[in-house]
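Note that subunit A is present in both complexes that follow, paired respectively with subunit B and with subunit C.
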Partner chain A sequence: MAARRPLYYDSGNLREMSEAMITSIQNRCVYVYGSDPSVTLSVVGSSGTLDSMSDTRMQAGTDTTDSTNFDTESETPNISQVTPIVFDKISQVNASLSAPTDTNNRLYPVYYDGSGAVQAMTATDMFDTFITQAITTLVDGNDRDGTFRIHTATSLTDHTLISSTPVFTDTRADVAAYTDAGIPETRDQPTTITNYYVFRTNQGTAPSITVPFQVTTGNDLQTYSASAFDAMLLAEMRHHTVNTVGSRITYSINGTGANRGTGMVDTRLDGSGNYQQRQDGPSGSPSTVYRTQEFPNGSPQTINTYFLKITRS
Partner chain B sequence: MAVTQINLSDAVTTLVTKTNTIASDLGDKALLSTTDKTNLVAAINEINTQVGKVDSADVINLITANALDSSEVIQLLADTTADANIYSNFQKDSANGIGFDSSQGRFFIPPNTINASMIELNAVTEVKIANNSITEDKMADDAISSVELKSLSTLLIKDSAGSTLKTIHGAGV
Partner chain C sequence: MTIPGHKFVSAHFTDNARTIVEALWTDGKETRTEYIEAKEGDSNWENLLTHIDIDALHEATYKYIKNSQKAFEIQALQIAKDQGVLQDFQDKNVISEAIIKTLFEKEEDGDSKNTLFVFKLKLFELEFIKKCKTRKLKSDLRKAKNIREALNVAIKIFEESN
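On to the complex of A and B.
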């Protein structure tokens, strides 16, 4: 660890940055990362790189018919769970990047070494001073510039919808769709409870910073231009978030790390079945058909909750 | 006054009178102020010897011997009644920065006349220079090195590999 205190211009003097100034630059790293994140999520049709999620729901049992009387509830097939609907739509894409080139060993800000020298920071110094803290902020679970999250609507303030295709849909049996008069009802009559979408947190307001000195090609000290400093910070952030072990931003479904947005809940009705009968014809007529069927019923219960997680690994 | 002459025809009384006149004209040798009072020739020779002394030591001795103070010397030099005014022989030497005030009878060095050639090499020592008087313009370009700085403080600018890119020297406190 070699966190440094960069030097800046202060009314004709060289001065070491305060902790607050360094923190501002760390926040600036988060901000610039938001302009061009190196780790992105996309919505694909199938086979996403993140773990899949399953939506489950109940369906009606098979209906029964009898020419003499109604089958009893025990004779009537029970409700059952439909084959889970698999959602495997989220892919993480990492930009292919190399470490920034520190040409002539003067790419980074300068600091006072305590022994009479003003020295340019190394890439390690830069990482230890600014980048690692910024990455920690990015993965803290809050809405950070350039990170991704889940939301239950197609719009969200300060966020950009990645795709109008939901990455997960919670469905349940539509109880209201099943009626005794409708026997034989179609067994699987779902209704959508909630759709979940991926959003990217937009780049926010630029934190105000004090721009430090760097060593010029003429071996002088000069304050970076704001744009050059931002570009340098962005390059560092993009590189470390995809290449540096322990600092790579990684998304997962229910992996380690902080939750990003709303949990995607798979709910299902918990009833054992609503036994219903339908007499199709007058009683005693040989043509009369006695029908029974069990419909999904009960209260919705959470079967599983899937969180989009973010961590550094 | 005519020269007293004795004629062969003069009476004894006239001879007596003329002899006394001659004696009076010669004076009493005992009253000579010369050192040698033996006779007039000796006295005159003594004076002649003194007149022949013209080098500075002789002049000083002469002045001393005659108990002349400085004002009397100046008065003597400035006496315009002399056959030749001594002041008139004094000359200024402007080329070498020497002026002459004829009214005061003194030489002087006018302002702004001492040039570089008048100062001996290495003659201007530290004590001849007033404190805090060396201005920036008096410093030659590229003349001050780090060893002249008081309480030298040095700042290095290094690249991230630790190689020194620039060395900056400054005076300490």
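On to the complex of A and C.
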């Protein structure tokens, strides 16, 4: 651990940055990362790299017919669960990056070494002073620039919708769609309860910072230009968030880390079946058909909750 | 973490273990649902607790469950009524329909005998029929072959008693 205090220009003097100045630069790292995140989520048709999620629901039982009388409830097939619908639509994509090149040790800010010398920070110093704290902020579960979250609508303030295709849909049997007059009813008649979408948090407002000194090619000290300093910070953030063990941003479904946005719930009706009859024809006629069927019923219960999680690993 | 641009509406736990909360937020036009893990350190959970304290959350959960049960019962009753399984006998139109159906619709053999038997029993429990001294009318009532005949005799006894 070698956190440094970079030097900055102050009315003709070299001064060490305060804690507050360093914190501002850490926040600036988060901000610049939001302009071009190296770890992104995309919505794919199938086989996403994150774990899949399953939506379950109940369906009506098979209908029965009888030429003499109604089959009893116990003779009528029960309602059943449909084959779970698998949602495997979220993929994490990591940019392919190398560590920034620090030619002649001039890339990073300078600091006072306590022994009379001013020298440039190393890549490790840079990481320990700014980057690691910024990554911790990025994965704290709040809406941080350039990170991704789940929401239940197709628009969200300060966010960009990644795809209008939901990454998870909770469905349930549509109780109102099943009627005795409709027997034989189509067994699986679902209704959509909630769609869930992936969003990226937009780049926010730039935190104001004090820009430090760097060593020029002529071995002079000079304040970075604002754009050059931002570009250096961005390159560091992008590199460490995909390459540095323990600092790589990783998304998962129900893995470790902080939740990002709403949980995605799979709900299902909990009834044991609504037995119904339908007589097709007049009583006593040999052509009359006595039909029965069981329909889904009950109250919705949460079967599973899936969270999009973010962590550093 | 609040949903940006939304205000808190309500929240309740969704599971017996009290680990997941369903929170409702509104942007002024639509209400959005957010499922939150009730876990210390979770930013969504910590934010939720700035809008509702834990006691209020448990109380809201109790009320939600009660209301859900009530809503389910109402829905079940409505379905039963819609499908003719259940009749509302406080509704005079329903009573009228039932009377007409009972008196004038063709009866099934097996059902009608039992129904007629029960109907006569109920008539004989009426005070004015118990007190009737006209043996012929009582005999006619016993011998009535269907509900129409039985009711016709019962009306005669009623009119005689008044």
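By definition in this document, the second predicted complex is superposed on the first by the 313 of 313 C-alpha atoms of A that agree within 3 Å, B and C clash if a C-alpha of one lies under 4 Å from a C-alpha of the other, contacts with A are read in each partner's own complex, and residues count from 1 in each chain.
Assume a contact is a pair of C-beta atoms (placed from the backbone, for glycine too) under 8 Å apart; a residue touches a chain by one contact, two chains touch by 3 or more.
Computed from a prediction, not measured in an experiment: that's the story for all the values here.
S.K.: Clash or fit: subunit B and subunit C on subunit A?
M.R.: fit
S.K.: With the two complexes overlaid on chain A, check the angle at subunit A between subunit B and subunit C, Cα centres, nearest 10°.
M.R.: Apex at subunit A; the opening toward subunit B and subunit C is 140 degrees.
S.K.: Taking the superposition as given, does A:194 touch the first partner, subunit B, the second, subunit C, both, or neither?
M.R.: second
S.K.: Just checking: does A:119 make contact with subunit B only, subunit C only, both, or neither of them? Give me first, second, both or neither.
M.R.: First partner only.
S.K.: More residues of subunit A are touched by which partner: subunit B or subunit C?
M.R.: The partner with more contacted residues on subunit A is C.
S.K.: First (subunit B), second (subunit C), both or neither: which does A:33 touch?
M.R.: A:33 sits against neither subunit B nor subunit C.
S.K.: Just the number, please: smallest Cα separation between subunit B and subunit C in the overlaid arrangement, in Å.
M.R.: Minimum C-alpha separation, subunit B to subunit C, in the superposed model is 38 Å.
S.K.: Considering only the defined contacts, which subunit B positions touch subunit A in the complex?
M.R.: Residue positions touching the partner: 153-166.
S.K.: Could you please specify the touching residues of subunit A with respect to subunit C in the complex?
M.R.: 140-143, 151-153, 156-159, 175, 179-180, 194, 258-259, 261-265, 274, 276, 283, 297-299, 302, 305, 307
S.K.: Could you pull out which subunit C residues touch subunit A in their complex?
M.R.: Listed in rising order, the residues are 1, 3-5, 14-15, 20, 30, 32-37, 42-44, 68-69, 72, 75-76, 79, 83, 108.
S.K.: Spell out the residues on subunit A that touch subunit B in their complex, using ranges where they run on.
M.R.: Spelled out, the residues of subunit A in touch with subunit B are 102, 104-108, 110, 113, 116-123, 125, 215, 219-221.
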